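Read from first to last, the chains carry the letters A, B, C, D, E and F; within each, the first residue is number 1.
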Amino acid sequence: MSKNSTFRADVLVEALPYIKKFWNKIVVVKYGGSAMEDKQLEKSIIKDIILLRYIGMKPVIVHGGGPEITQEMNKQHKTPQFIEGLRVTDKDTMEITEMVLTGKINTRLVAEVNLCIAEDQGNGIKGIGLSGEDAQLLMVKKFDSLDLGYVGEIEQINTEIITLLLEKDYLPIIATIGVDNYGERYNINADTAAGELAGALKAEKLIYLTDVDGIFRKLADAGSLISSLNLEETQQLLTSGQIQKGMIPKLKSAQRALEGGVKKVHFLNGKRPHSILLEILTDSGIGTEFVISRDEG
Amino acid sequence: MSKNSTFRADVLVEALPYIKKFWNKIVVVKYGGSAMEDKQLEKSIIKDIILLRYIGMKPVIVHGGGPEITQEMNKQHKTPQFIEGLRVTDKDTMEITEMVLTGKINTRLVAEVNLCIAEDQGNGIKGIGLSGEDAQLLMVKKFDSLDLGYVGEIEQINTEIITLLLEKDYLPIIATIGVDNYGERYNINADTAAGELAGALKAEKLIYLTDVDGIFRKLADAGSLISSLNLEETQQLLTSGQIQKGMIPKLKSAQRALEGGVKKVHFLNGKRPHSILLEILTDSGIGTEFVISRDEG
Amino acid sequence: MSKNSTFRADVLVEALPYIKKFWNKIVVVKYGGSAMEDKQLEKSIIKDIILLRYIGMKPVIVHGGGPEITQEMNKQHKTPQFIEGLRVTDKDTMEITEMVLTGKINTRLVAEVNLCIAEDQGNGIKGIGLSGEDAQLLMVKKFDSLDLGYVGEIEQINTEIITLLLEKDYLPIIATIGVDNYGERYNINADTAAGELAGALKAEKLIYLTDVDGIFRKLADAGSLISSLNLEETQQLLTSGQIQKGMIPKLKSAQRALEGGVKKVHFLNGKRPHSILLEILTDSGIGTEFVISRDEG
Amino acid sequence: MSKNSTFRADVLVEALPYIKKFWNKIVVVKYGGSAMEDKQLEKSIIKDIILLRYIGMKPVIVHGGGPEITQEMNKQHKTPQFIEGLRVTDKDTMEITEMVLTGKINTRLVAEVNLCIAEDQGNGIKGIGLSGEDAQLLMVKKFDSLDLGYVGEIEQINTEIITLLLEKDYLPIIATIGVDNYGERYNINADTAAGELAGALKAEKLIYLTDVDGIFRKLADAGSLISSLNLEETQQLLTSGQIQKGMIPKLKSAQRALEGGVKKVHFLNGKRPHSILLEILTDSGIGTEFVISRDEG
Amino acid sequence: MSKNSTFRADVLVEALPYIKKFWNKIVVVKYGGSAMEDKQLEKSIIKDIILLRYIGMKPVIVHGGGPEITQEMNKQHKTPQFIEGLRVTDKDTMEITEMVLTGKINTRLVAEVNLCIAEDQGNGIKGIGLSGEDAQLLMVKKFDSLDLGYVGEIEQINTEIITLLLEKDYLPIIATIGVDNYGERYNINADTAAGELAGALKAEKLIYLTDVDGIFRKLADAGSLISSLNLEETQQLLTSGQIQKGMIPKLKSAQRALEGGVKKVHFLNGKRPHSILLEILTDSGIGTEFVISRDEG
Amino acid sequence: MSKNSTFRADVLVEALPYIKKFWNKIVVVKYGGSAMEDKQLEKSIIKDIILLRYIGMKPVIVHGGGPEITQEMNKQHKTPQFIEGLRVTDKDTMEITEMVLTGKINTRLVAEVNLCIAEDQGNGIKGIGLSGEDAQLLMVKKFDSLDLGYVGEIEQINTEIITLLLEKDYLPIIATIGVDNYGERYNINADTAAGELAGALKAEKLIYLTDVDGIFRKLADAGSLISSLNLEETQQLLTSGQIQKGMIPKLKSAQRALEGGVKKVHFLNGKRPHSILLEILTDSGIGTEFVISRDEG
C-alpha cells in the first residue's frame, strides 16, 4: 500500500469526528461574489455542499447576485444608482433584480445541483429553488432609514417549508427576494438574509464564502488574518476603522446570527478550492471563525 | 328571510354534490392568455382556485407567459423569430424566457396567491412556485422535429415534489421551463406541459383557461359552441380544418391527458368571471368539456 | 353568462373567507324542536351540516326529542308529570326516553345523514350515532336540587371517542342520555348537554336551532330581535324577565359554553331554510350571536 | 403452598398456549336467549368477554332480543304474528324492534361493559354500541322469499368502523338492525347477522351462546351431544330431521361463516358459568365445535 | 360441568382485575439462586414470565450467576477470594465472570425463552439477550469504598434500547455486566442492578426470586414470615440484626427502587411453582411485598 | 493553501460518488484473523466501520474467533480435535466456544465500538451485540455430512431484529453461534454465516477482512493477486487446486452470497491500515472483488 493510500485513508478518518459532531445539523452557506463567476469553481463548491448533505448535514444555500443584476441593467441601458453605497432600487430595477436572482441565478444553481447529484448516480437528494415569496418564506417591510425604493428588511421568516424540504431529502437554494404584506417584492441584502435565516433555522453554522481569506486585523496587511473572533473583539474591530468595507454588513449579520442561536460563523475564501470541506471536515481550520465567546466554540 | 338569502343558500347547497365528488382530487389549471393581463381578473381567478383548495380539492396552477416574453425581448431590442409558427429560442431568448416565466410571472402569481390567502385570514395553505429544474420536475430533451433552439419536449416528470407539497397544504404554481440531462434549461409549450403534468399526476380534471368560450364547431360562428366532446368527435374536428389555430395544441394535449388517465378536460373562458367555480361547483356546465367517451364522463 | 350565473359565483366566492376561518374547527349543532317534525326541513338541515363537513369543518350533532317521548308515553297510557316545569322521570319514563332518543330519533338521524351522503355520491364521510353510555361519553350524577327521578347532571365528558371519530371522517350524532358510576342511565336536558359538550370539545361554534328567529329584547315584539349579545348584556336580559321561557336554559348553557372556551354561540331559526349555511358561510349574519365580549368575536 | 394454589397456577399456565394462539384475533360472540334474562349471568358473561380483550383478543358482541321485543309489543297491546315461524314485522313492530334492540338492550349492555371495566380499575378499554345504520355497518335489502314486512337480508357489511374501534381499544356491541339504500331500517335475524359479520371480519372464532349444551345427534337424547362437527357431517345432520328447530338458522349461518373464512364456530351453553373462558382458555373443550374439516381445526 | 371446570373458570376470572391493573406496565424480575439450578423449575419460571408478556405486561429478566462463575473458576484452578464478604474480581476473574454471565447463562436463558414461545406456537414475541455494554445500557465506575478490582457501581442507565425492544414485542434478558467510560467491563451485584434498572424504567413491580419464602422477622423462625413491609419497618428490620445476610443487599436495592419510582417490590420463593403468577394474578398474595407506605400500595 | 490541504480536499471530494452510491445500503463486514490480535489495528478497523455508519451506510459486523477459542481450551487443558480439517465440537468445547465468542470477543467489540463513538462525541449511534439465539437470529440444524458434534448449518435467518436495529441507529455486532429448534446452541463457520447473513439482508457488499491481500492466482506467487473475479472464473480457480486452503470456504460463501442477492464481495487485507475505507471510498480499488459477472459490477 502506497504512502499515498495511507494518506487518503488518514484524511477520511480525520473527518469522522466532524461528521459525528455535525450530523443532522443545519449549515447555511451564503454563496456569491467572484466564486460565482467561475463555472469550474461553482461546480466544485456545489459538489462540496452536496457532500455535506450526503454525510448527514443539512446544508441550505443562500445566494445574491449583484454583478449579474448590474450586467442585466446594462443590457437595458439602465444606470445603477447608489445612496450611501446602497443600491437604489426603483420599480424597473426591482423587476430586473427579481428576474436575475430568481429566474436566472437561482435556476442555474438548482439545475447545477441536480446535475452534480445525477453525475455521481446519487439517489434520494434533489435541489429545489425558493425565493422569499414562496410560502412567504421571507416577509419584509420597506427599508426604513433611507428611501432606497424596493429594498426591504426582514420582519418574519416562515421556516416551515425549509424544515419540510430538509426532512424529505431536498437541498434548498434560496434567492434573497422578500415579499411584504401587500404581495410586493423587495430586494434584500443577501448577507443579511443569510444571517437572519441561519438564526431562524437555529443553524449550527453559517458560512460566508467571500473573495478574501477571512477577516484581517489591518487593511492591506495580508499577514493580519484573524483565525478566531468573539463578540467583544468584533465590536472593537468594527470601531477600529481598519476593516474592509464589504465585510461590515457580513460581520453585523454574523453578530445577529450568533445572538439568534447559530453556533459558529465562518468567513472563507470561496476561490480557494474546497475551503468548505477543509473547514468543516479537517483539523486544519482555515479562514476566520466567529463565536460568541471562545469557551463555547 | 329575503329571496336573496334563499338563493344564496341554494347555491351553496347545489355545490355539495360536486364538493363531495371532487374531494381530495387533483385539478390542474392551465392559466394564461388575456386573463393574465387584467389584474382584477387575475385576482378573481386565483381566489377561485384557492377556494377549490379549501373545500378539499388539490389544485395545481400551470402557467406560460408568451406576451410578457415578447415585451421583455422588445426592451432588449430583440426580434422574435418563428419557424412554422413556433418561436425560435436562441440562447439569449431562452435566458429572457426563463427570467420572465420563473422570475417575473411565477413570483407574481405566488405572491398574489399568498396575498389572497392572507387577506381572508386563511390558515394552513401557502402558495409555492416551482419551475422544471426544481427537483427535476420537468425533464426534457431538445425538440426533435425542427431546430427551434432551446425548445424542449418532456421526457420524464418527477411528481414526488408536487405530491409532497399537495399533502402538506401547499398550492404549487408551475412555470413551464424544462431541464435536460446536462442541466440546460428549455422552453416548453405551456399547454403541452399542463397536459403532460395532469396525466402524470392522474388528475381528475385539467382546465384550460382561454380567451374564448370553448371549442367551436365552425370558425367565426358564435352559435357553434360545443358543450361536450369525446375522443372520436375531436379527431373529426381536428381534420375538419374548421378549428381555431390556438386551440390545436390544447386539444392535442387534452387528448394525451385523457389517454394518460385524466378524467375530464375543460376549456373555459378565463375572462368570464368565476368560470372555474361555475363549472366545478354548479349544475350549469359552461365552456366545452372533453372526455374519452360520454359514458364515462 | 347570465346574471344568475354571476350571482351564483359571487355567493361561492363570498363563502371563501368563512371556509378558511373555520377550517378544521368543531361546530356543535343542537338540533330539535319543530324543525324535527318536518321531514323535508330535517333533510335540508342535515345536508347543510354535511356540507360543513365537506368544506373542512367538524360538525357534531346533538339532539333531544321531547315531543316524541311524550307521544310514546301516550301510546303506553302514561301521563307526563312535571315539577317546576321539569319532567319527572320515573323508571318507566326513563326506559321510554332512552328507547325514543337512542333507538328511534338517533337511528333515524344517522340513517338520514348516511342517505344524504350517499345520494350525492359522497365519499369518505359516514354518520355514526352515540349516546352517553357509549365509551362513557356523558358521565352524570342524579340531579341534586330537586327529586326528578332519572334526571342527571353532567359530571364528566370523555371526548376521546368524538375526537377519534372526527379525525377519521365520521360525523357523530349524539343522543343526550347520560350514565352514572353504577351503569344507570339518566335523561339530560339536551340544551345543557350541547353546551357542556361544546365546551369540552373546545368547539369554535355552538349553534342552537330553535323555532324562533333568535333572542328578542321584548316578549311578543317581533321587532326586538337582538343580533348580537355579550355576557354582560345577557345577564341583564336574564334578569329583565322579558325573555322567552324556553330560551333561558339555552342562554345559561350558552354562557357556560363560552366560559368553557367556545368562541361563539348562535341562536338560529331551524325552520328558516339553510339558516346554518347563511350564518356560517355568508356575510349576512342572521339570528342572534352571543360572544363573551364584542372585541373578541 | 397449598394444593389449591398449585391448581390455580396450573390453570393459568394451561391458558398460555391458547392466549398465544388467539392473540390479536377477532372473536365474535352472539349473545342472547335465556342468558340475557339473568342479571348475574349476564354480568359474568360480560366479564369473561372483557377478559378476552385484556389478554389480547378482539371480541365483538352481537346481540338480538326477541323476548324483550314481544314484551314491549304487549305493553302496546300488539300481537306478534308469524308466517312459517318467522316474525312478521310491520312498520309499528319495526319501530318497537329498533327501540328495544338499539335503545334498550344495546344501551344496557354497553353500560354494563363499561361498569365491569371500571369496577376492576381497568384502563384503556371502553365499550361502545353500534347498530346497522351507524356508518352503514349492516346494509340490507328487504327479505325476498316471503313478505315479512321490515325483515332484511344482509347485502353488504362496512367493517371499517369495527376495525377502527378494535384498533383503538374499544369493545363493540352490535344491535342487529340493518339499513337499506333508502335509509329504511329492517330487523335482521341475529344469528345470521353474527355469522355474516364474523365472515366479513375474518374472525378467528364465532361463538353462539345458546340455552343448551351444544348440538345433539338425536332430539331429546341428552347423551347424544356432538363435540365436533365438520361441514359434511352438518349437511347430513340437517337432512336427518333430528335437529332442534332453533339450531337450524344457527347451523346454516355457521356454515356460511366458515365458508367466509372464520376458523371455528362454537355452540356453547350460555347458562353454564364461564363457558366461553373454559372453551377458549382451557384444554377441556365444551359444547360443540364446528369446522370445515377436522384436519384444519 | 364438573366442579373442576368451575374452579378453573374462577381462577381465570379472578385474574381479570390484575390483568387490567398491570396492563402495559413494566415488571422487572431478578432471577437467580437455586431456581437456576433446576432445569424443570427454570422452564416453569420462564413460561410464567412469557405468560405475563402475552397478557399485556412488559417483563424484563435480570440475572446473575454466582455459582456458575465459581464452578468455572474451579475448572481453571482459580480460588475465589473475598474481602468483607465481597468477591475480589481480578482481571482473570472478570473475564471468567463476563464469559459465564453473558456467554453461558444469558445465552441459555434466551434460547430457553424462545424455545418456550415456539413450543406453544406463540407469535410475535422473541427473547433477546443484552449485557451492560450493549448500547451502553449499564454505565459504571469502579466501586469506590473498597478495592475489589473489577467491581462496578452503576452511574448511568441508558434505557432507550430496552424501551425500543419492549415496544416491538421483544422480551429482554439482561446480564449484569457494566461498562465504564473507557470500555472496560465490570461485575455488578445483580440484585443492585435489578433495583437500579427497575427504577430507571419506572417499573410497576420489581420481583426478587430467591430461595426462601420471603423476609422473616427472626432468623430461623419459619413462622415469622412478613407479608408486607413499608420503608419505615424495613429500616427497623435492617438495624435489628435479625435479618438474613443475603437479603440485606436485596432489601437495600429494593428501597432505592421504591424511592426511584417503582410501585412495589416482591420477595418470592423461586422454588415454589408459579410463585410469580400466584402473586401477580391471584388474590392470594404470597411472599413478602415491600412498599413505600401501606396507603399507596 | 498548502498542497497538503488541496490533497485532503481532493480525497474528500473523491469520496462523494461512493457515498452517494452506497447511501442507506447494508454492508456486512466479516472480521477476524490476525487483525483481531492487534489492539491498535482493531480500533482502527472499528473506527472505519463507524465512519461508514455516519456517512449513511448500514454496516453489520460479523466475527468469529478461532484462536481465542483454542487459547481458552488450553487453559482448561483440552486438546482441539479435527476431522478432515474441521474442528470437532463436543459439549464442553461448545460451551467454551459460546463463552468466548459471545461472552468475550463480542462484548469486547461492542464496548470498543461504543468507546470509539463516545471518544469523538458521536451522537445517535450505539453498538449492540447479538448472537444467533437472540430473537432466533440464526436458526441451524446439526451439520449433516460429518459428525462434528455441535457444529451447525444455517436453516433460517430471522432478520427482523437486525432491520429494526439498523433503522434505529444501532450498529449490530454478531457472534456466529446458532440455535436449533430445541434451544441447543451450535458453532457455525463464521465465513459461512457472514455470507448467509449478507444474502438474507440483501446487503450491497460483503467484505471479508483476511490476513492476505486478496485472492492469488498461484500459491506463493505474490505477483498473482487477482483484482476482479466473476462466478465463472471462481469456479475455474476452485478446481485449479492453486488456491489457498483458508480461502476456499470464504470463496464458496461468497458465491452463495452473490447468488442470494449481494451485489459485490471484497477480500481485503485487514492488516493494511484503512483497507475498508480505501476500497469503499476511493477510486483505488484494493484487494480482490468478486461479482456475478463483470457487466453488473
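Just so it is clear, a contact is a pair of C-beta atoms (placed from the backbone, for glycine too) under 8 Å apart; a residue touches a chain by one contact, two chains touch by 3 or more.
None of the values given here were measured: they were computed from a predicted structure.
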Common touching chains of subunit B and subunit A: none
Required steps from subunit C to subunit D (each step between touching chains, minimum): 1
Same or different residue numbers at the subunit D/subunit E copy interface, by half rule: same
Chain of greatest Cα-centre distance to subunit F: C
Whole-Å gap between the CA centroids of subunit D and subunit F: 57
Inter-centroid spacing, subunit C versus subunit B (mean Cα positions, whole Å): 44
Residues of subunit B whose C-beta touches two or more other chains: none
Residue numbers on subunit F that touch subunit A, as the complex places them: 1, 5-17, 19-21, 23-24, 44, 47-48, 50-51, 54-56, 117, 120-124, 272-275, 277-278, 281-282, 284, 286
Subunit F partner contacts - residues on subunit E that touch it in the complex: 75-76, 95, 98-104, 106-107, 110-112, 114-115, 118, 126-131, 133-136, 158, 161, 164, 168, 170, 177, 179, 181-185
